[in-house]
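Labels A, B and C are assigned to the chains in the order they are written; within every chain, residues are numbered from 1.
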Amino acid sequence: MALLEIQGLKKQFGGLVVLDGIELEVQQGEIQGIIGPNGAGKSTLFNIINGIYSTDAGSIRFKNRNIANWSVHRVARFGIGRTFQVARVFNEMTVLNNMLVPSVVMTTSRAEAVRRAEELLELATLGRVRNNLAIEISGGQKKLLEFVRTMMTDPDLILLDEPFNGINPALIEVLIGLVRSLNQAGKTFLLISHEMPHVSQLCDRVSVLAAGTNIARGTPDEVRANPAVIAAYLGQ
Amino acid sequence: MDFSLLLDPYILTEVLVQGFVRGAMYALMAAGLSLIFGIMGVKNFGHGELFMLGAYAMFFVTVVLGWPWPVGIAVAAVALFIFGMLLERTLIDTLRRKAGRDWVLDAFILTIGILVVLQNLALILFGTSRRGVTSLIDGVLVWGPVIVSYERLMILGVASLVGLSLWAFIRFSSLGKAIRAASQNPEAAQTLGIDIRLIYTVTFGIGAALAGLAGGLLISIYPAHPTVGFEPVIKSLACVILGGLGNVPGAILAALLLGVIEAYSAFFMSAGWQNVITAGLVVLILIVRPSGLFSSSKVERA
Amino acid sequence: MTAIPARARDANPWRSTPVRVLKVLFLIGLLIFIPPLIDNPYITRIFISAVMLGVMAAIFDLMIGYAGLINFGYAGFLAVGAYTSALGTFHFQVSPWAGLLTGGLATALIGLATGVISLRLRGLYVALLTFFVGESIRFALSNSPEFTRGMLGLSVRPLPELLGFDFSRGNILAYYYLLLLLGGAIMLLLTWLVRSRFGLAFEAIREDQLATQSLGLNTTKYKLYNFTIASFLAGVMGAFYASYLGILSPSPEEFGVYRTVEILTITYVGGRGTLWGSIFAAFLLIGLQEYFRGLGPWRLVIYGSLLIFVMLFARRGLAGFKKYLW
């Protein structure tokens, strides 16, 4: 049984059909990539899983429940964490307090939450800036912060929207290392990216979206050789 | 209360004309507020003070200098246009560059500061006495059951003319097109070479000019005094909400509607309860239909 | 942007913990002893105004500074507290002491209701909605003279004697100390609140609602908590105000937009999201006002200019100068 299983997902904005019958299946413990040209509907897919947008049709089964149209916070509590294409950190709060926000609704003690937050910040090489305001750190650091912040909710599945975009190579290494080790600890990832080298490095399987439909899925090497995928990217 | 009175043609026209005159004022104010909101996202709480300055300008030109009223109205509009652009460039623009993401709420607070300063400066300079004129034009038009003063006809005429010119300007002039482009998509407009800062400044100037014009035009009904802008700004805010924030035609329609409703309800109740009804109506609209009465689109919600 | 290690900031002995405690005690000492020592009702009234408006501004700060919720009908909420207490005494012989509580509860109810209807709106829409709610309240009060005496003014009985303390109107020192107790309790409650988990939730909501929700927080719930708690406290302060003032009328200066603007200015000058900044700002602004009383409307010009200045050039308010002063 897949951890996440999406069937026949449709979404339109006004007259614009953005997702037209998406199918997706994510197995427990895998790192799956989503690629596709700009405007394919990748971020919209995340926003629907996450509960920001309602669906027009289709089902989203996660841990055997249909979570389609649940509210955002309920989806998060049920075990799906996410990052945004443009990192959404709490600018006027310290890095450490950014990390502690999820603990508001968790049963862990404050001391325990602080310990976990500092541990994650160290792993993300953000320990040094933990008392800085989030607005003061670099764009790449914000992306990392957003990522480790979502880990504070202890999610089963993490959705990463273009995590490598606009972050320097050193931090990319940190990020890749983090994803790997969290994956080994049992976390499942679904990540959107254009950076094929990183996708190949991390992902077991890749799904390709174009114009709101699935056009291919398979290992990174398979999809890269797929003529339909090449056509979709060239046609862009 | 004898309801049949309302069907009496004399009373009916009287009420309608009175309603439209009020409505015209609300419309001029609301059109400017709504324009500024639609394009800049800023709610100008100091809009009533611009109305007040227009009224003083009118008084100065027509009474102190003794020049004819059309000059007064023109001066009120032009002076406020310039003043509005100055306000925007010196204060609001500075804020926009400093405050970043959440600047519109801060801009609202800033306009409150502007309100307090302008209102009290007026108090210092001009005192509390009311400075107005009994009428700009004498005489009444009698036409069958219809009796209307020329003054009111003039107000309605000028307001309609201004409304039409505004519409034509936004619709057909190149600056108007740039303004529309900027309101729909600021980033895209910028890449097309449209100077957003200039657009904002001009937009604020136009809004201010409309307020100044309204202040000048209505001087016989609302004589200039430091707090004269309070009622117009509250009522026009209400119209902007009823019409849908940023929807200029909607605001104008709501303004006329509110003017007539108020004129009618003046028969039934005190001005005080009218205010309760207006405020209550606004709250209701914000709850059930935040996009306004006339809009089909949805407002951004949390 | 290099990181400053947390400890380095505290190296200055002027900011070490014991010195801080002393500084706070000193200020509290000033608050307690200056009015009786000077023993001039005029000065005591200034202190009462400053503390009262400062606490009201701190409550306002809980909404705007911590959760980003603007209650632009705030004065109307104060009116609910004031009138509930006063009308309870006037019509139903409820003790004014109980009025502090009923005023708070009634206002909390209005706050909850306003919160519920404004929840799905944000930013300016909340400002507009609350503004018109506040105005509706004020208009309704002024249009029901048979019950509230409207603009004629409703006279409020002084607080009855309690534990041997005399609260007749002549004895304003009693009111002052009551205010210090009440305001102090409210300030401590607010401080505790913003340092608790609630505070984190509020700040996160202020910064980014969607991100907050994505971390599992029900933002609706926390916004309602914030709004309702703030309204309750505002109602209590309103009820105190009624008893202290002795006569209520729903004028715009007293319970309308001018009062809201006054309080909002104090909050912004003090620095949003600082709570205690409001108290300092209240003393500064009320002090300025009294000092310049001879200047008439100029003092309001100064007030407005200060608000503009803070918005443009000192966006953290007095709190931005804390490092030089504290």
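As a convention for this text, a residue touches a chain if its C-beta (ideal position, glycine included) is under 8 Å from a C-beta of that chain, and two chains touch if they have at least 3 such contacts.
Note that the coordinates shown come from a computational prediction; the quantities given were computed from them, not determined experimentally.
> Building nodes from the protein chains and edges from chain pairs that touch, which of line, ring, star, complete or other describes the result?
line
> With contacts counted as defined, which of the two, A-C or B-C, has more C-beta pairs across the interface?
B-C
> Calculate how many whole Å lie between the centre of subunit A and the centre of subunit B, each centre taken as the average of the chain's C-alpha atoms.
Taking the mean C-alpha position of each chain, the two centres sit 48 Å apart.
> What whole-Å value do you get for the distance between subunit A and subunit C if each is reduced to the mean of its CA atoms?
Measuring from centre to centre gives 42 Å for this pair.
> Can you check how far apart subunit B and subunit C are, centre to centre, with Cα atoms defining each centre and the answer in Å?
33
> Would you please write down the residue numbers of subunit A that are in contact with two or more other chains?
91
> Give me the residue numbers in subunit C that touch at least two other chains, ranges are fine.
Correct list: 219.
> For subunit C, which residues are in contact with subunit B within the complex?
These residues of subunit C touch subunit B: 68, 70, 117-125, 127-129, 131-133, 135-136, 139-140, 142-143, 209, 219, 252, 261, 264-265, 268, 296-298, 300-301, 303-308, 311-312, 315.
> Along subunit B, where are the residues that touch subunit C in the complex?
Listed in rising order, the residues of subunit B that touch subunit C are 41, 43, 91, 94-95, 98-99, 102, 104-106, 108-110, 112-117, 119-121, 123-124, 230, 234, 237-238, 241, 245, 270, 272-273, 275-276, 279-280, 282-283, 286-287, 290, 299-302.
> Would you mind writing out the residues of subunit C in touch with subunit A in their complex?
That would be residues 1, 3-6, 197-198, 200-201, 203-204, 206-208, 210-219, 273 of subunit C.
> Would you pull the subunit A residues touching subunit C in the complex into a rising list?
Checking each residue of subunit A against subunit C gives 50-52, 71-73, 76-77, 81-82, 84, 88-93, 97, 100-106, 110, 128-129, 131-132, 136-137, 146, 149-150, 152-153.
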